[in-house]
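Below you'll find a set of structures to go through.
Shared chain: chain A. Partners: chain B in the first complex, chain C in the second.
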Partner chain A sequence: MTTKSLKILASAAAVAFTATIGAAQAAEPIKIGAFLSATGPASFLGDPEKKVLEKYVAEFNKAGGVLGRKIELTLYDDAGAADKASSFVKRLIENDKVDVIVGGSTTGATMAAVPLVEAAGIPFISLAGAVVIVEPVKKWVFKTPHTDRMAAEKIFSDMKKKGITKYAMISENAGFGKSGHDETLKVQANYGMTLVADETYAPKDPDVTAQLTKIKNTAGVQAVINWGFGQSPAVVTKNYKQLGIAAPLYQSHGVASKDYIKLAGDAAEGVRLPAAGLVVANQLANSDMQKAVVVKFQKEYQADFKAEASTFAGHAYDGLQMALAAIQRAGGTDKAKVRDEIEKTQGYIGTGGTVHMSPTDHMGLNLTAFHMVEIKKGDFVLSD
Partner chain B sequence: MASTSRWAGLGALAVFLAVLPQVLPNNYYVDVAVLAGFNAIVCVGLNLLIGYAGQISLGHAGFFGLGAYSSAILVTHYGWPPLAALLAGALLVGLLAFAIARPILKLKGHYLAMATLGIGIIISIVLNTEAQITGGPDGIAAGNFSLGGFELKGERAWYWVIAGLLLVTVWLATNLVDSPVGRALRALHGSEVGAEVVGVDTTRYKVLVFVVSAVIASIAGSLFAHYTSQLTPTKADFFKSIELVTMVVFGGMASTFGALVGAAFLTMLPQVLTVFEDYEPIILGGIMMGTMIFMPRGLVPTISAFLTRRRP
Partner chain C sequence: MLSSFLQFLISGVTVGAIYALCGLGFSIIFNASHVINFAQGEFIMIGAMSAVWLADAGVPLPLAVILAILVTMAVGVLLEKLAVEPARKASVTTLIIITIGASIFLRGLAQEVWDKNFHKLESFSGETPINLLGAVLMPQTIWVLGTAVIVILLLAWFFNRTLEGKAMLATSFNPLAAQLMGINTKRVLLISFGLSAGLGAVGGIVITPITFTAYDNGIMLGLKGFSAAVLGGLGNGAGAVAGGLIVGIAEAMAAGYLSSAYKDAVAFIIILAVLVFMPNGLFGRKGTERV
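So, the complex of A and B:
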């Protein structure tokens, strides 16, 4: 064999080799990473989120995936601990080499992940509530749930309608509760509200009668707002009823789950809260653009898991849909392009509302996404 | 004889620590190695107390947390240089340990365990509730460790610092064990009355080892505060204390290298077991139970006894 033919053979082999690699790359799965609080004190957030991500990834794959590529989900359980979340995020980035991260059930877990995703440059859609996640705007961080500030504004506008001007607040001293407390104070002036009593408790406190008694004995309290999630709002609600406080009790969107009503029992009767359309799917007006989406999601969720979908399940659904839509539009998994496309999300109608992202708004929801809901006979009833 | 095997052990550890990062495929593994290193440093100190002096502490995470928060608070709120904050934390924890050691170490058995448990829980409650200073359950960010313009950043840089500190800690611990203090401690472990009869000032030695192990935990905590992106009180709570004791017992009491192996093994295990998802706690529990039933003296002493017995 001559040198020339050898050369030709070598280059042909090289071409064939490159072609094989190219083909392998095209068929490589899209890697989605998730870290959720599927167990532990925040499991009522993480458990439905996990179910939803697994179910819809499987469904996307059944339908042929995205861009002809299968979707691979890598999911870790941080058990609600911020330090575990941070080590799992490192693992998703360094070891699993995921293309995009959807997760972070709690604000604490999300904030532990933020410096890591910012340094690595990975698009990250958080499923947690507090406004600090997207304010100030962080280049790679987005979120799907409504913020605590919006909930405060919605509650205040409802109070205003009822002629309430003086309110008391009782809040968890950590994470979502603390952030909600601070945001409430920031927006109260816009609605002409005055805080007359301000109490806090630890997330695991089994009783808050002492704090509520102080509120009860404060003159001029016309309504009470509670900031917290998990078991604590149920504890507050029960103690509230036991003390026979007459002023209306407002909860945040952190309790928009049937589990809260189950835990609080009869005491939840009459509690008002801002919530996404999902929990009152069938009561929405037919003209509401969101209705079709949330009714369909509720039906699919109930068929698979024999329980009503909470808004938290919806956050995960929205996060996954927006991430995959962005990958579709970006035509691949180039991280910078996917990030840009997530930021360009316009008019996506999800379970949380209609999303219009922009370079200055990495959540894209406004107050119209919220409905005021009252608990009547153990169910959420639309009331605005 | 004892000293040659000590140097051999230390040399083997140094070689292992030097080679390890070369074979770790990416920074995630280095991160796990660094976390194992932090636990190992605390466990080597704790082992002096549990394994050699025979005293139990269920509050060591409290000392770790106190060191960590001293650093975080002094650096973020008061602008101290990190090294000064670390030393101040170590001094504070040393004084605290010294002040409580005398009354506490007069207690024996379950009562001693209860008292250390109480201290750990008090520290944990203070860290959780004094939110204005400690950041409460959300934690606090201490920022990077810097010394004279040099900033410690990235898993690999941290790895070398922690590996070096681990070697020093092991060297100190093995030194202490082979010294007259170590012999006094073992006598104490065997029989406190017997040790007193032959003239060992048992209280003095117990206090000494308690303070030494608390200060080691505090220094590790201070560095950890700078390593982690967000320091939360879970690092100082009761379960962390239990985890540390478990690492010592699992690896093998009264064996410095046992404490090392225990810490490394139990740091890695939950990461490895994530593939089993929901079954993870069951499998973790099974492994622990199995080890304790079949190797009651812990991993390292049982295996080394097995190997020496086989050798003629």
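So, the complex of A and C:
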């Protein structure tokens, strides 16, 4: 045999070899891992997130998957407990050998996962709110929701427009409320705001009129901000109305669901809050590039689950879309490449806003992602 | 500053009356068996959730309330039949642990039967605040207080004037002697669970227009109610109400005059202080141990 024919033979063998590998890889599914608080106290976050991940993974598979490969979703319920989240993430990494992780409904669960994914080198897109997740930037960790700091900034810019400079704050003394409270204090100086009364309450307190009476009796309060989740903002809103406090009440993006209006009833009239486009999908201007995305998502979610899609459902949608788009661009599931591609996400229009990630910004959202809405006649009305 | 003081007081009474009503439910089962029923909070939740669910389905409120109480009593009876009675020979501690297990089970069940969302019930007499010297009082608070008073009177009448009630007290003092006197002690325990559940449901329904309700609301209400009952003296109806009001008013005054950050701490300090000096609570009977 001549050297030439040998070479041909060798390259033919090499081609055949890579072809076999390619075929094997094509059959191998893309493994997405998720850990969510589908039950327990944070189930209002995790439950819609779980529904969305399952629904859209099934839809991607119906359409032939990504890169011709099926998507396999492994989902665990951490019930809102950080220690469980940590052991499930270990299982996702070591036993299930997933390619990318989307999940972490709460900041606590997310932060429990961070050291594990950083050590294992697995791209991780979190669905939780707090700034600490992406600040300082962690190599493998990204997030989709807006931060509480952005909400505070949006509220302050709205107050500034109204000529308000002195405000009072009443916040839940745990988790979301505490973090929102601290972030608000950090950015108040940038907007020339002064805090004149600072009150707290426990998440399940049935009545906060004592705290609100103190705020009412403080001189110079021009507006009040409430940081809380679940039932407590509704309790605050009702007590606020009962005491007849005249200053405008601002809520956080944490109450941007119809449930809040239903619970607080008439007392919610006139309350202002920052919210993602999803909440006022149909009211967005037709020129708004986000409109088509959020209207479509809202319609698909309602058709399947007979309920309004919350912003939390949207966070899971955005996380899944960005992860799969990155895998598509990376041309495979090489973890380092997928991570780089997630970081290069540019101009992705999701339910949370338009995302521009960078090596220094692993969230990629700015204040334009928030709209100021006011509650009028039992509905959210766009007001900026 | 009188109006502020009055407002703090009203806030405290509102919250205190809620704790008191939740605490009252503990007394019946405790009187019958010395068991502290940690599923009491779940009775409160089931009563509230059933009432909300029926009212949302279009059932008129008074009927929804009665049906919800009956549903909860049925749950209480079933709990006794299926979980407590088979372990009747076990120690009180074991029975208490069984009720903790039952509470977790009932919470999970509620999550499946209903949902995980918060729900509300319309106030019984509207939402127009009543003005009192510059402070405001909600009509629902009067409902909660009134219900607590009626429940104490009914409890006192039940334990002191009826045969069933006396049989229950007798059973708690000495089950064997009670049995020898012809009291059906098995039935006494069954009735005590049914009544406690009914009482929990009443409380849960009356407070829901103020507190809202959800499948996991029983944890907090049960715990605060338990604190109120312990402070006042377990097994004593009037004690539970006094305990609830003390905790509620202390919390509100601390939030008003000290700082809201210390609100919960102040309540716990009072409870601890009372229990250190009066281990049986403010109105509790002196426990006597026979050797």
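Quick note on the criterion: the second predicted complex is superposed on the first by the 359 of 384 C-alpha atoms of A that agree within 3 Å, B and C clash if a C-alpha of one lies under 4 Å from a C-alpha of the other, contacts with A are read in each partner's own complex, and residues count from 1 in each chain.
Assume a residue touches a chain if its C-beta (ideal position, glycine included) is under 8 Å from a C-beta of that chain, and two chains touch if they have at least 3 such contacts.
Keep in mind the model is a prediction, meaning the values are calculated, not measured.
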Inset, instruction - Evaluate whether chain B and chain C can sit on chain A together after superposition, giving fit or clash. - result: fit
Inset, instruction - Tell me which partner A:A82 touches in the superposition: chain B (first), chain C (second), both or neither. - result: first
Legend entry - Partner chain(s) touched by A:V187 [first = chain B, second = chain C, both, neither]: neither
Legend entry - Angle, in degrees and to the nearest 10, that opens at chain A between the C-alpha centres of chain B and chain C: 50
Inset, instruction - Go through the superposed model and pick first if A:N173 touches only chain B, second if only chain C, both, or neither. - result: both
Legend entry - Partner chain(s) touched by A:I245 [first = chain B, second = chain C, both, neither]: neither
Legend entry - chain B versus chain C as contact partner of A:Y201, first or second or both or neither: second
Inset, instruction - Examine A:T209 and indicate which partner it touches, taking first as chain B and second as chain C; both and neither are also allowed. - result: second
Inset, instruction - Would you check which partner chain A:L67 touches, where first means chain B only, second means chain C only, and both and neither mean what they say? - result: neither
Inset, instruction - Identify the partner contact of A:N95: answer first if only chain B is touched, second if only chain C is, both if each is, neither if none is. - result: first
Legend entry - Most chain A residues touched (candidates chain B, chain C): C
Inset, instruction - Considering only touches as defined above, state whether A:A234 meets chain B (first), chain C (second), both or neither. - result: second
Legend entry - Superposition-derived minimum Cα distance between chain C and chain B (Å): 5
Inset, instruction - Find the residues of chain A that appear in the contact set with chain B and again in the contact set with chain C. - result: 173, 202
Legend entry - chain A residues within the chain B interface of the complex: 76-77, 81-83, 86-87, 90-91, 93-95, 107-108, 111-112, 115-116, 173-175, 178, 202-203
Legend entry - Interfacial residue positions of chain A with respect to chain C in the complex: 39, 41, 43-44, 47, 173, 199-202, 204-211, 213-214, 217, 230-231, 234-235, 242-244, 259, 262-263, 265-266
Legend entry - Footprint of chain A on chain B - complex, ascending: 25-29, 31-32, 35, 128-129, 131, 136-139, 228-230, 232, 234-235, 271, 274, 277
Inset, instruction - Would you mind writing out the residues of chain C in touch with chain A in their complex? - result: 4, 7-8, 10-12, 14-15, 18, 111, 116-120, 127, 129, 136, 138, 207, 210-212, 214, 216-217, 220, 251-253, 255-256, 260-261, 263-264
